[in-house]
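The structure follows.
Order of writing sets the chain letters: A, B, C and D. Residues in each chain are counted from 1.
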């Protein structure tokens, strides 16, 4: 019974969300003002700093890939990479991208390659700037630590699926004095990242990179959709809370 | 066509997979799709293996810095893979592809005697020791939480620290302080839970929006 | 280890203890002088781990995923002319090969996108299903029904209401848009900002609580390792 | 205010990003700190925010100083005699101060040394501006280089523009061979190559033509970033090499620095003539250079810059000469000067053998030697001269030093038209050499500089008037050549190639010197490290004490008791009937095993005591192995079903079988969520119990309170972390006697964790207070 309700409500939610997404694209043309997020303000500066120093930005895409239930979260990291890739291709300063899942390796390479193609500089694209470090979280974190300490990137960007092993990467970054912009969806990585990093993109904020960095209409639209859904959820919770309290037991 | 085919595949497969959650009786439809995805992911491991092998072999051949470590990595890579495959293949023998022994072969390959030894004496020690370094790093990070933070950041950091302190103290039966233990329980059950749910709900919204954006073709992660 | 002679177990334990020491030498890596040596130990252990981990994952991909599917499903299905089943596995194999081959030959790079496109599609479907049913509804329902209410009479609704307030303000704290400076929406914006501050407060409490938990968990791991080292050392002296 | 380049909005001076459209803004008005990006008032010398230097150290010292590296390249652009050096210098300075950020700062400078890094940008800047004129010149020298020296002689005069000669002569001494060949080529070329006293300057072109090019080019390219400016072409042969060799992406960024300039050079000048020139060499040189040279004109060329930027240590050595060569624009004198120079140049084939050694020395510790090279000395000459007397390099370099210098510089510079004061002080600094040292000495106030001033003669005439020891080249020049003459066309011995390879490797490697980041001095770093050690030691001690003496534990901690959720799990297990099928999921891997094993072990023990039929599965690939290690200590009916691939599908597939209950051991809330979802959605599913890591508690708690569609709990019972495991064990020991751990043994880990918690609380409190106090002070 409840399951049926859940399914119907879920379906309704998805339909509504799709509609808002479509409406949102129109609304996005008005270039709405978005809440300021320090992480996204810091990132463009980092890219140019990487260009100046001739060093590369390190982008960690987390420990998961596409094809599992973590796909959307990984895509959020890939979107962030996409926003950085354009600038990187334009300036021929590819970021060092590390992944812990071969599917993410393929995706990240593809994103970089397409950015280089867009800028007519396919020859400048080096698939080796995306590296498969290890196949599981902890070895991955260890490998990235090694990379951070011996290859000295200019800054450390993390976005994707992490666990508490993210602390290893962030601590090494903090020790090296990198500016660190990190995003995660889960509580454990967020809590261990918070003390070490300069800018923390908490949960939902990590999914907003395309809207903040590139102002892509479809991404801005999805923020709009998220906000509309957010207020719907808030109203639902409020209504049912009062109903629950007021209803005679 | 070459451009839109992947997007088309994504959209079709995505919608079918998604709708199976919300249309009654379609659960079984989802499984073959995921089954195929699992196989593709398994193949991708081969890609990962080749990639890491290539990268480190290059490093060795070119005598780049860290070549020695790359050698260690490759040796470990090849040895462990060899042990696992050898154990499975030996167990399977000529009847490797007969279903009757398949489970035994899998057991041998995954957790055969030597494989278990490798796991127990090499992988677990290193990996859990590495994880055991975490408290040191966390302690140092916590110690410096407030460093380089703005005023508002310091306020947030103070909330973070105070919460952590209460939870830490309440977590252990050290002083037998019922008050602190009760406070901890309350914080986790009520105060922290609010934040946790806020984040989880937000992430769920973010995931849904990100996914639907792709599924309606507004965002194309796999094609230009 | 039951299926190995005791002596082998002893050797293995010593190897494990040594590797544990290697990893722990990370803590000394910054020491002047000997630090270089410790760093070397640490990196050695790390690279062993990375290599073995990838090999293990590959072995798993074959023995746990591909092999059983070939032997237990594909081959019988072929024997039984169960073409739909065969089609599933053939499709998986073709896509998998495409994914791998495109990395070797760039000519067919476009086809590799079919495989990633497929993975993204399935993955997103699963993601949304999990997010909507597993998180959105579950958490909304749990919040709205005031679960976790205290049983002590006068406080029955205090905790649940606090929980609702925390959840809602934390949710508001993530609000991206509606940042009007003037006009009719300005008041709303102001309200959202106030609520956001409260929401942030709950968020950092959550982070602090989780941090404490993660720390305790990792200390438990440390304790386990130290116990192992202590027992290994005592075994070494006991000689068995 | 800054106008946004994209949308035109006015933004505050301080903004980095346009407030309206988000585009990044150029610095304006003030000086933007190259380290931290903070915009400082134009009068600031040091960054307010991070303390990095904003103004190049050299720039204020003397007018010419910093600019020199840029100067060399720039001059070719102004074909006839360097018009008014001051003008372009001042321009340069302008670019230096206002736009350092937009320019590329080479890797090696990126560390603390904000100031020194700035010369480079200017250089590139100049190049960009001058790029147009460069193409004309490039061909000339390339022609000259191509094939044999003889042909050079023939071509060079033809191509050379009348006016350029003068300053080019001097430049030629710098690593920029191309320029050298133009005007003077005739002169120095007249000297037969084999001649022992081949001019230093000529050395480069010669070498290049002799198929040696690759070697010295490698050196050149490797050694410094700056040569990019003066000697783009020579380095280019190197480029292709760099590309394949350089898998590390970090190198790639450096490509970005030069693109503009390269675009200008590569398509125009190189496309036309350069390739030919290199091809001409091709037959002669066994090295891959020729083939790669063709690639130069392709977009990938910039890659060669990767090499340039990478080796931080090496850079100073080369940059010394560069600096000097650039500023000295005097026309007439060059010839004598060059002849004088010719002697030391004498590189012999053997020389290269020594190269690696020399380079090793060049590395951090030995770096001083490199810089010792006289300003006019082209880097490669240094490199090759070494070979003659392997190991003696230091001596040789010592000889270069002041004492002998005296006469030479004057001779050289007499008649020099008035120009900016030469870089003498810097060159002196350069002599010192190790990167940090070098940079330090660049400071006008540096001690090294004072010393040099004492030792070296001051220029009395010309642009360099008043400067001390502007060119130490002279002594080198004056030395008799004592090596065997280099054959006109050298076959590169295998050993040389090997060494070249080693050198290449050395150069392409990232900077091995730890770059100290802005605002972090050595002392600060040491302090940070000390803090780390203290924190580590505290944690370790607090954890170890209870473990080392287990008997202490009962006194330290009181036995824990299971909470409501834990008791629910215990009682559910206590009600199991023999042979009930229980599904146990080990959803954690080795990294969590020490914590989770304690839970799993005690629960398995309980299950074994209840004689349950235990089926083990895992959503983690490595889960089965972890489970096996735990299960082998338990006697009972345990079947390890292995890895459940496919996450929720795996769960769905295994749940087709009937179970009395499901027990999930979850290190993260994710896997617990999967089980909750699958079981919640399944009518009549068995109850789910869970043991979770302490880190997953807050999220997992939600499920204990959550309800399934049939009204039962999503998670019916829950134990968390080691404390609950210990509590569980203590309760179990009361009910099920057996092989029991002592109370002390059970409590020891708990005591350790408690102590560690207390330690962290102390650290957080102390650290928090310290940082708060420090923050207050700063304000």
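One rule holds for everything that comes next: contacts are C-beta pairs under 8 Å (C-beta built on N, C-alpha and C of every residue); 3 or more make two chains touch, one makes a residue touch a chain.
Computed from a prediction, not measured in an experiment: that's the story for all the values here.
If you take subunit C and subunit D together, the chains in touch with both are A, B. Set side by side, A-D and B-C show the greater C-beta contact count at B-C. Chain centres here are Cα averages; for subunit A and subunit D they lie 25 Å apart. Here the spacing of subunit B and subunit C, counted between their Cα centres, is 4 Å. Averaging Cα coordinates per chain places subunit B and subunit D 29 Å apart.
Subunit A and subunit B have Cα centroids lying 16 Å from one another. Touching two or more other chains at once are residues 1, 27, 43, 46, 49-50, 53-54, 56-58, 60, 64-65, 99, 103, 113, 116, 119-120, 122-124, 126-128, 130-133, 135-136, 139-140, 142-143, 145, 148, 164, 167-168, 171, 174, 203-204, 206-219, 221-222, 224-226, 228 of subunit C. Among the residues of subunit B, those touching two or more other chains are numbered 18, 21-22, 30, 34-35, 37-38, 40-42, 44-48, 51-52, 55, 65, 106, 110, 115-116, 119-120, 123-124, 127-128, 130-136, 138-140, 142, 144-145, 157, 160-161, 164-165, 168, 171, 188-189, 192-193, 196-197, 199-203, 205, 207-208, 210-212, 214, 221-222. Residue positions 6, 10, 13-14, 65, 67-69, 71-73, 75, 103, 106-107, 110, 128, 131, 134-136, 138-139, 142, 150, 164-165, 167, 186-188, 190, 192, 194-195, 202-204, 208, 223, 226, 230, 233 of subunit A are each in touch with at least two other chains. Taken chain by chain, the contacts link every pair, so each chain touches all the others. For subunit A in complex with subunit C, the residues that touch the partner chain are 6, 9-10, 13-14, 32-35, 65-75, 103, 106-107, 110, 133-136, 138-139, 142-143, 146, 164, 167, 187-188, 190-192, 194-195, 202-205, 208, 211, 223-224, 226-227, 230, 233-234, 236-238, 240-241, 244-245.
Listing the residues of subunit C that touch subunit A in their complex gives 43, 46, 49-50, 53-54, 56-58, 99, 103, 112-113, 116, 119-120, 122-124, 126-128, 130-133, 136-137, 140, 143-146, 157, 160-161, 164, 167-168, 171-172, 174-181, 203-204, 206-208, 210-211, 214, 217-218. Within the complex formed with subunit B, the residues of subunit C that make contact are 1, 3-4, 8, 12-13, 15-17, 19-20, 22-24, 26-27, 43-72, 75-76, 88-89, 91-93, 95-97, 99-100, 103, 110, 113-129, 131-133, 135-136, 139-140, 142-143, 148, 159, 162-171, 173-174, 199-216, 218-219, 221-222, 224-226, 228. The touching residues of subunit B, counted against subunit D in their complex, run 27, 30-31, 34-35, 38, 42, 55, 58-59, 62-65, 106-107, 110-111, 115-116, 119-120, 123-124, 127-128, 130-132, 135-136, 138-140, 142-147, 149, 154, 157-158, 161, 164-165, 168-169, 171-174, 176, 188-189, 192-193, 196-197, 200.
On the subunit C side of its complex with subunit D, the touching residues are 1-2, 27, 30-31, 56-57, 60, 64-65, 126, 130, 133-135, 138-139, 141-142, 145, 147-148, 206, 209-210, 212-228, 230.
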